[in-house]
Every structure is written in structure tokens, then in C-alpha cells.
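In the part that follows, the structures are each spelled out as C-alpha cells.
In what follows, chain A forms one complex with chain B and a second complex with chain C.
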Partner chain A sequence: MQRSLYIDPQKCTGCLQCEMACSYENEQAFNPSKSRIKVFAFHEEGRFVPYTCTQCAEAWCLHACPVEAITKNPATGAMEVNEKTCVGCKVCTIACPFGTVNYNTATGKVIKCDLCQGDPACAKACPTGAITYVDSSWTGLDKMRAWAAKANTAA
Partner chain B sequence: MIHRYVIVGAGPAGVIAAETLRTTDPDADITLIGDEPERPYSRMAIPYLLIEKIGEEGTHLRKGNDHYDSKGIRVLRDRVEKVDAKTKRLTLKSGGAMDYDKLLVCTGSRAVRPPVPGFDLPGVHTCWTLEDARNIARLAEKGAKVVLVGAGFVGCIVLEALALRGVDLTVLEMGDRMVPRMMSPIAGGLIKSWCEKKGVRVITSTRVTGITENGGLMNKLVNTLTGKPTRALKVTLNTGETLDADLVVSAAGVAPNIEFLQGCGLEIERGILIDHYMQTNVPDIYAAGDVAQGRDFSTGGLEVHAIQPTASEHGRTAGLNMAGVPTYYRGSFNMNVLDTLGLISSSFGLWMGVEGGDRVEMCEPDRFRYLQLQFDGDIMVGATSLGLTQHVGVLRGLIQGKVPLGPWKAKLMDDPTRIMEAYLACNFAARVAPKAA
Partner chain C sequence: MGWNNKVLRVNLSTGSMSVEPLRMDWARDYLGQRGLATKYLVEETDPKVDPLSPDNKMIMTTGPLTGTEASTSGRYSVVTKGPLTNAIACSNSGGFFGAELKYAGWDMIIFEGRSPKPVYLSIVDDKAELLDAAEIWGKSVWETEHWVHKKHHDPLVRVATIGAGAEKGVLYAAIVNDLHRAAGRSGVGAVMGSKNLKAVVVRGTIGMNKVKDPVAFHAASEAAKKVLADNAVTGAGLPKYGTQVLMNVINEIGAMPTRNWREVQFEGASAISGEAMYEPRQSDGKPNLVRNGACFGCTIACGRISTIDPTHFSVQGEGKERYKHASGGLEYEAAWALGSDTGIDDLDALTYANFLCNEHGLDPISFGATVAAAMELYEVGALTKEQTGGIEFKFGNAEALCKAAELTGKGEGFGLELGLGSRRLCEKYGHPEFSMTVKSQEFPAYDARGIQGMGLTYATSNRGACHLRSYTVASEVLGIPVKTDPLVTDGKPELVKAFQDATAVVDSTGLCVFTTFAWTLADFQPQIQAACEGDWSMDKLNEVGERIWNLERQYNLDAGLTAADDTLPKRLLTEAAKTGPAAGRVNDLGKMMPVYYELRGWTADGKLKPETRKRLGV
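This part shows the complex of A and B:
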């Protein structure tokens, strides 16, 4: 069974535990600016929206990569960046229409959510259940993806 | 019946088309013909080879040694000399011929040198192929004097690689700023002053009028004996100034590789004209990548978008259509990202704006930060940025998704950096709406 991150902003309180957990898991530092999941604050509406890669079927990043540094993990379905192969050209960062691949100036490579090899730290850290790791076939998730896809069809 | 697909040109467009054909038509007979001696590679990776971030194998499009064999893709190192569209037969340089049912032309373009005396001298190199890269690496030693002609997109990428090799670098550009076809005057000017701060001499609005060999044999002999670089070349500018150089890198133009198609009756302007299905006007001939002039998503016109993402999308769409899965392509999206010695810039879509549209420009010259957004009504149509590395792709999402911004247009006009919030608010309105009481 393939699983995906499901985000329910209604439950997010903006505590940023997910950003902390993500940067610690992946960069060994509590540094939200290096987190692969980001919480956006809408102050006027009193809203927080956690946001990260949906591992979309189009895989814009993977197709744009000139050196095969982004591949799909068959077990988790995540698009993963191979640090050794990545040359740091950043083409994936502009190709991803969701804005979820970022360039890390410290390493000269790109970073994106890889679902922590199937055990996402953000979901574990979320105290309110706003981020959960659920069965991909769950309809709510399909809808969310379809929505995102509708807004972004180039081909 | 087994279909015979022949793909001419083994760059990214060709490789991706071949793979798409294999998955879509499992029984097909697929041949990929490329005239460069190396395994299919990515030109884009050349700058990283020059700075030794990767070796040559790091430029290869596919890493597995048996990648093509295992997919049943026949890779030929050969050059197609002629195509007879009537008999559907190719002539190869090695002497053979080959028949096709469907042909894909993705032969890219080649670097051309300016028609100025001296550009054919030894020590003057283009920067387009792996062979070029080896030649440049040989001459661009630490401390060598290098003159780079052309500060367009590819020129600027090469600029970084040369500067990082520690050469003494001068860049010449005919236009009034760096990357004039990708950056607004302010942004192009900021890139110039950034590069100058990093020790690169940048001369804009200037042309080379000639290159000559410096001194005589004696001079060279003395230089060789004293162990000093030979400074073998003298570059003369239209201002009258002359520059000594050990190496001149020419990044001043390209031309499509289409000569072998003469007599096919193909419609060609700046590239081979193709429709929304990557088809040319000649039956069973398709084109993709740098050599193709296809639909531009933003203008609806036909453009050559010589970038990796277009080569990839073209290749995939061509493969699907050739294999009989009609796949409509909305058009390629003009976008670039550039790193000039640590200053990262990007441009998207109609970054120069549209008539009657609105524009917002944010500029912090001291911090080298810049963001410009272009709108048509409440739809974003283009953008340019400097110093933006986080969530930059969302600019593509907003523009290519033609997201109606509604009230968020005013918010962006007020503070253009809120692009990510605008995207979330407009695409997932329900999720951003105030919490129910």
C-alpha cells in the first residue's frame, strides 16, 4: 500500500514542529529555513497552511533533471534527489509548478520532500493531526491532487 | 506489425522520446542515432564538468551502462547525411541506409562563431559540446587570461564555470546589459555589478572587431622558456581597446542542425515548424527540442525555446504521438534559472510584460534582491527574480496555471514577495478561508 502525506490546515495551529522535525531529520539542525515542509501564515484569516511536495504523478522535477538525479522510489512513491548526482543546476526548482523543490546554497544541491523513506518526521511531530501519513487511495487525497493538477497542466 | 521508429539526435529530447516510445509501444523497433562520440549526455552539465564538480560520466543523461540495451533501444554513433521523405529512407555517414515508419528529428543546434576575422584561430573555442569542454579545460588554467564573447544565457552559465576555475576573466556583450533576453534592465545591471564585485571584468555595448595571433614565434618561444602563459591572442574591440588572451570562448550564437533535411519539403523558419502534436508538415516526420519551433504557451505563436525542460516535454510528447497516443501539447513555457557566482536569477513567461498589463517591481540593490511580476488583468503572465531560491517554481505554477488572482492581485502589487501565499490562497481557497466559528 502506498501512502501519502495528507494535510488538513483546519487542524494546524502554526506551532512549526513539522519544520523543526523536518530540518532535524534531513539537515541535522533545528533550522526551519532548511525544512522541506513549510507552514504559511495567513494572518488576516487567522490561518496556517502546511505545504510540501505531493509527489505528483507528473513529476515535473524528475523529467526536467538533465542528469537523472531525481528518481522515483518504488517503495514509497516519493521523488528523491540523489545528492551525489545532482549538479545543482536548479532547473527542477523552476520546473516544479508547486514550488516545492528548493536550492540549498550551503550544499549547492537541491532539496525536496522524500517522505523520509516512508516514515515522515513531520507527521510524527505534528501534535494536532494536521499532517498525517495515510493510504494514498483515500479519496480526499485524490481530490487534492486533482485540484493541484488542474491548476497546473502544461502537457 | 512492428513499427520502425528512428530518432536522429541523441540529446535529451531524443533519449526521452526513445524511452517514451518503448513504454508506449513495447514491440517497436527503436533506433537512436547520434553523431557525437560519447554516450548520450546533457549539454547543461558541461559547466559542472568544467569546475570538476562531476566527471564526464556525470554528464550522461542515463547512468546505467546497459540502460539502452535493457530497454531495447539501439543506439548508433553515426551521422544522418540525408533523408528521403518519399521513400522514408535515411542515408548514414558510415555508408549504410535505414528505413523508417516514423522519424523524429531532434538534432538540436550547434554553436556558430561570429563572422569576424580571427574567430577561427586556435585558442578560440565555442562551449557547446564535451569536446569543447575538454579544449577549454586545457587552456583555462588558473591565472590564464580568458575573454568570453557573449553574455547571453549560455554565456553567463559558462562565465561562472570559467571564473570558478580561477582565470582572469573579461566578458564582452553587444547588448546594453547581461542576459538581455532574460532580464530586465535593472536586473541585468545588478548581475553585471555583482560579477564585477566578484572580480570579473564585464564590458557591455561592445563588439569584437577582430582576433589576431600575438607576437611572433620568438615571443612564444621566450614565453615558453620563461614558463609564462603565452597570451597567444589579441582581441580588438570596436572601442579600439585590445585585450591579450590565452583563450577566447565564443558564446555568441547558435544555428539549428537541419542541413541534412534538405529536399524533404519541411517548413523551417528559425527551427522546424511543428504543431501541437510535434508533427511537421511532412507526414511521419516529427521534431522536438532545440531544433524545433513549436507552440509557445504564453504567446500562442511558434518559438524556439532552447531549454532543457522544453526538450524533455517535446521528447515525451513526440514519443506518445508517434506511438499512436494522440497527445496535445499546450506549448512550451519560456523559463530560465541562472547562477552567476552565487547570485541566482530566474525568468518566466512574458517577463517583459504585455500591452495594457500591470507590473510591479521590487528592488533592493544593496542586497541584490529583485522581483518583478507582470500581469494581464488579474492573471500573472511573467516574472523575473534575483536572489530568490525558495518556492521559486510557484511562479511557473501561477503563470502557467493561469490562476485568477482576484483580491490577491492587489496584495501582490503591494508586496510581490507574497507569491506563495497568493498561490495557496487562490488554488486552495477553501483551505485558507477563515476557520468556521
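This part shows the complex of A and C:
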């Protein structure tokens, strides 16, 4: 079964444990500035929104890459960057409509979420269940259940 | 180790900066943060120094676990000599600034001297610069953060700054980071202002990977997180109500100081409680509370994010747009000081005053308590409308509170007198007995007649009256780790000492003391042991806590404080509680103090015995 990261901003408290976990998994350091997932705090509204790559089926980044450094992992469905092939041209960072591919100045390569080979560290680290890793075919299941629970049918 | 082994020393007088390794020999004895920075201060300054002079130093410091995956790892402290108390000041803050400093590759910043003109320190990884602060001098905390983000073209910079009150000498001015997290107590912001240092702004992209044993550390932090999640207070009560979960509880047990501590129960408590923050208001159908929010790395998330009723008087008129958005809401201490202590039960007025304390960098505890003292002065006629600039300081007057917050925040008019704190204000107007302070610092929100151990806590706290030095409320009210009777004094000296020593350790880790609703030192120990080089057994930690406490004590003694300063205002010792379970009681400090001194290994006049000094190496 293919899975996707499912994000429920209402549950997010903005603690950044996901950013720490992501950076530790990928960079072997607690370093939110290198996290592939970012939590945005909309201070004046009191909202926190984690945001990362949704792994487009027709991925702009993959198609834009001139050296075919971005390939789809058939097991996870993730678009992965091959660091050895990547030339750091940043065209993918422009092509991505959502801004979730970014350039790492320290390595001269781009970084993006690769779902941690099917075991995403952010979801494991999230203390409130705001980030979960669920069946890609049923990312709406929890919302459906919540609405279904409101259906006023006699027992 | 949890350290970068890198200290930035900034001489503000000359504008020069230097980099030095962290004193790891001291870290072995004092762990980090509170303990370690106190050691630096003790070694490098004269305890008799004028706190607002260039000779005082101000240390901003992380702990070894700051910035790690451990829960609540966002903490940093500011250690200096405090202008409110003329004693050691150590204020701890959460938010995101502390971890960012660690990620920029630093453990600690030591500020010396006084800049000839307003400056701010900018740190981007290993690059540190003192920059001109002329444009932001006089600006609020909120304006300064906005300005920095624009000026640096970087929304990810973390900002710790003072407001205008601190620049003008408000003695309980705070350093506020991330808009509404504060190194709040003892006037550390006033010290920063005296140094002409407006702000410290940090961006860290290096990260932190120096934990000694990452595998053991991950396991220990995961286990400890589970303890927090499974605990009723840290897993449910605090995320839902924040510290405001306490308002009704403390009122019911008759330990809610009311109207400058004349009473111990507040009839308006439920209207300003955590529960009230969930009540939809009439005007727009929305509750005060928007949601909870976390500091960096925190899996508890007790923070409140609130809005003010848009039809409330406090937000009408020009220039009030910025208060119509969500911001840091009331926590228990602020709700008490701004509310119960002033007799004001208007939740929106308290939220507004709290926003202003954040916006301008005021300690809401000391500010609210000083307003309460002014109200008592006003009521007895010692303070008049002419002297207050027309403000009617009557208990329960919400408009007076809001006006006072505006004036004190900006350091204008009668606000400058309120900025002196309650002891100096009450002395000035001829009634020192109205000042509810220890060592000139205002009390927090627990009446020591209804919770006896807190009387000893306040009287002996090294930074003046404070609940965060030994929170015996946990035991006496909440039963953590074991229930003791709040009206009994037997066993309280032992309890206070144990809590003081343990808290000194917690404040030296980089983690938050609120974890101790669920964690004991035994939950910290495996995390510290896995992160730091050397032996960090329970025995060692207990010894380190005791050492830190005694080092702070010795600093205060050398600063000129004596056993006579280890006392409570007469009101708590002679005026009995009028209502509730503690009715008829005063605080029996006299029964506890000699036992406490003995336990501490101090003489009858409160000095460290030579053998105590020797045993702890102080």
C-alpha cells in the first residue's frame, strides 16, 4: 500500500519536533534550517501549518530537471533527488509550484522530502498527531469519519 | 556532550568581540545554563556592583540539552545582577530564540560594559556583529521584531529584545523573545537597557549534533516524552487550559492573593479562569482562547494564544488595530497579578494588559502587583489623583490597569513611578508595609497563609519572591510527587530544600521546569547522561543542585544581603487569612526558617558554614 503524509494543521502546536526529526534523519544534526518539512506560524491568527512536498504524481520538479536527478521511488511514490547526479541548477526549485524543493547552500544540491524511504521521521516525532502517514488512496478517511459521525440517524 | 564549546564575549564599551571555549571544568560542577552562567558571573564580577552600571555583566546562556530532540528543549536563561533586588537574577525563557542560538554554533553570550550608543547584536552562524540600533531605540518589542525581519530580509531570524520601558529604567523590565516569551523576572531587561543593547537577533543554520550518545539519547528522550504524554497535568490539563488550569483550584483552597494580599479568595476568579477563556463572548461569538501553542521542542504546549473582544473598551480608538489580532494570552501568573491582585475580573482588560506587557517587555507579575500596591496606596489616600496623572487607582478599575500598562510600557508619566516596583513605590508614598515583596521582588500567585511551604519558598528564594525556585504547590496542593498538607509546616523545610536543589538542576539543563509536573530528576538523568560527557548520576545531580543554590546564596551574601532579608511582609506574618480553608492562619515562617538553615548547613544567621562551603566547593 502506498502511503502519504497527511497533515492536520488544527492539531499542530508549532513545536518543531518534526523539523528536528527531519533534519536529524537527513543531516545527522538537529537543524530546522535544513528540514524538508516546515511549520509556518501565522501569529496574528493563532495558526500553525506544517507544509512539505505532496509527491505530485506528475511532478514538475522531475520533469524540469535537466539531468534526471529526480526520480520516482516505485515503492513509496516519493520523488527523490539523486545527490550524485544533481548539479544544483535549481530549476526544480522554480518549477515546483509549492516551493517544497529547496537549495542547500552547504552541499550545492537541492533537498526535498523523500518520505524517509517509507518511514517518515516527522510523523513519528509529531506529539499531537498533526502529521500522520496514511493510505494514499484514503487520505480523506478521517475527515469522512468525522462528518459521518455528525449524521443524525436514529440508532 | 551537548555543547558547542563556544562562548561569545561582547565588550559593549569598546565594541570588540572575542570567542572562547566553554569552561568545561565548571560545566562538570554546574551542568549548564543557570548553574554555569552563575559560576561565570561569580568569577567575573564583584557582587557589590551596581546592577545598572557598566561593571555588571549580562549572560545569555543555553543549556546542554537546548536545541536537542528532548521535550521542551527551547530554554535559555539570562543571568546577571538584578536591579529590582540587588541580588542574583536568573530569568528563564522558552520560545525559539535559545535553540536558534545553539544552532548558530554558540552556547553562551557574555555582555560586558556599556555601549556608547544604542546597538543590537546580530548573529548569523559564526558571524557576530554589533549594529546601530538608533532606528529601533524607543520602539516596542513587537515593532523591533518586525523591523529586524524587514531590515535583515529574513523572516526566520529569532529576536530577543527590550521595549522602551527597559531603556527608561523600569526595574522589572523583561527581555522578550519571539514576541511573547520572556526572561521575565528581576529586571534583566533593565540591565540590557542600561548597556544600550536593544536586541539580540540570531539565525542558526549549523545545527547541533554533539550529543554524546545519540542512540541512548533518543531512547531516553522518547521515554521521557511518553511520561509527559501519559500524565494528567502535562498530557491533558496544561495543553487544554495552560497554567490557568490553576485559577479555580487555588481560589478554592483559599490561597488566591486578592487586592494586594488583603484577602485570600477572589470572587471574580472563575470569570478570569482557564475555563472562562473557552466561553464564547456575546459580541462575536468567539472565545478568548484561539488555541494552545508550544515553545520550541515542547510536547506539552501549555502556551495560550488569545484574542480580545473587538468591542472591548481597551481596543477602541486610533492605533489599536494591532491588539485585534491573536497573540500570547493569559497564563495563570499574569491573570492573577493583573486580575485577582488588583480585584479586576474583566478577562478582556487582563488580556489587553498582558498583550502590553509582552509588547513593551514588562514582567506582568511585578507590574500587576505594583498596580495592586498603588491601588492600596490610593485607597488610603496616600496616593492622589493629582499624583497619578488623573488615573483612579481603585481596586477593580480595569481602565486604570489598562492605562497603567500603556504608561509603564512606554516609560511615561506615572508609569515611571510604577516602574520602580512595589517596594520603592510604597516607600516613596509612606507605606512600605503595603509592598508585597521579598528582597524587593513582587510575589507570585500563591498565598503563603494557605500554602505554608510557599512562605519559606518566597523568603529564601535567591532571586526574591518567586514560585519557580521551589514550587511546593506541586506537593502541597497537587500531590506531586507526594501530597502534603498545605496548612502544616512540619516537613516543609525539607520539601523546600529538595525542590530548590532539583529545580536548580532542571534550570541548568536547557529544558522546562513545567516538565516537573510529570518528571522527577530520575526522568532528566538518563537524558543528561546520554547527552553530556562524564558522570551524571542521581547523586551527582543532587549535589550539583545544592551547589548551585549555595553559590547563588553566597553571591547574595557577598552582595550585602543578610538573613534579615529572608523574611515575608508583615501582612503574611500577622494578618490572618479571612476566608477559606486557611481562615485564621498566618504564615508560620518562624517555625520553618531555623530548620531550613540547619538543613542547608548554614549558620543561624544564614551564612554557609565552612564545612558546607568545603563539601560543595563553593
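Couple of notes before you dig in:
Criterion: the second predicted complex is superposed on the first by the 139 of 155 C-alpha atoms of A that agree within 3 Å, B and C clash if a C-alpha of one lies under 4 Å from a C-alpha of the other, contacts with A are read in each partner's own complex, and residues count from 1 in each chain.
We take it that a residue touches a chain if its C-beta (ideal position, glycine included) is under 8 Å from a C-beta of that chain, and two chains touch if they have at least 3 such contacts.
Keep in mind that this is a model prediction, so the values were computed, not measured.
Partners chain B and chain C, brought together by superposition on chain A, fit side by side with no clash. Using the contact criterion defined above for the overlaid structures, shared-chain residue A:Y51 touches chain B, although it does not reach chain C. Of the two partner chains, chain C is the only one touched by A:Y24; chain B is not.
Annotation for chain A, partner touching more residues between chain B and chain C: B. When the two complexes are overlaid on their common chain A, residue A:A125 makes contact with chain C while staying clear of chain B. Using the contact criterion defined above for the overlaid structures, shared-chain residue A:G88 touches chain B, although it does not reach chain C.
Look at A:P97: by the touch rule set out above, it reaches chain B but stays clear of chain C. Minimum Cα separation between chain B and chain C in the superposed model: 6 Å.
The intersection of chain A residues touching chain B with those touching chain C, taken from the two complexes, comprises 33, 45-47.
Contacts from chain C toward chain A in the complex involve residues 67-69, 71, 96, 99, 103, 156, 179, 203-209, 225, 229, 239, 290-299, 301, 303, 305-307, 325-327.
Listed in rising order, the residues of chain B touching chain A in the complex are 12, 16, 42, 44-45, 48, 53-54, 58-63, 297, 308-309, 312-313, 316-317, 327, 329-331, 333, 335-337, 339, 342, 344, 346, 348, 389-397, 400-401, 403, 419-421, 423-425, 427-428, 431-435. For chain A in complex with chain C, the residues that touch the partner chain are 13-17, 20-21, 23-24, 27-34, 43-48, 106, 125, 127-128. Of all residues in chain A, those touching chain B in their complex are 9-10, 33, 38, 40, 42, 45-47, 49, 51, 60, 63-64, 66-68, 85, 87-103, 105, 108, 147-148, 151-155.
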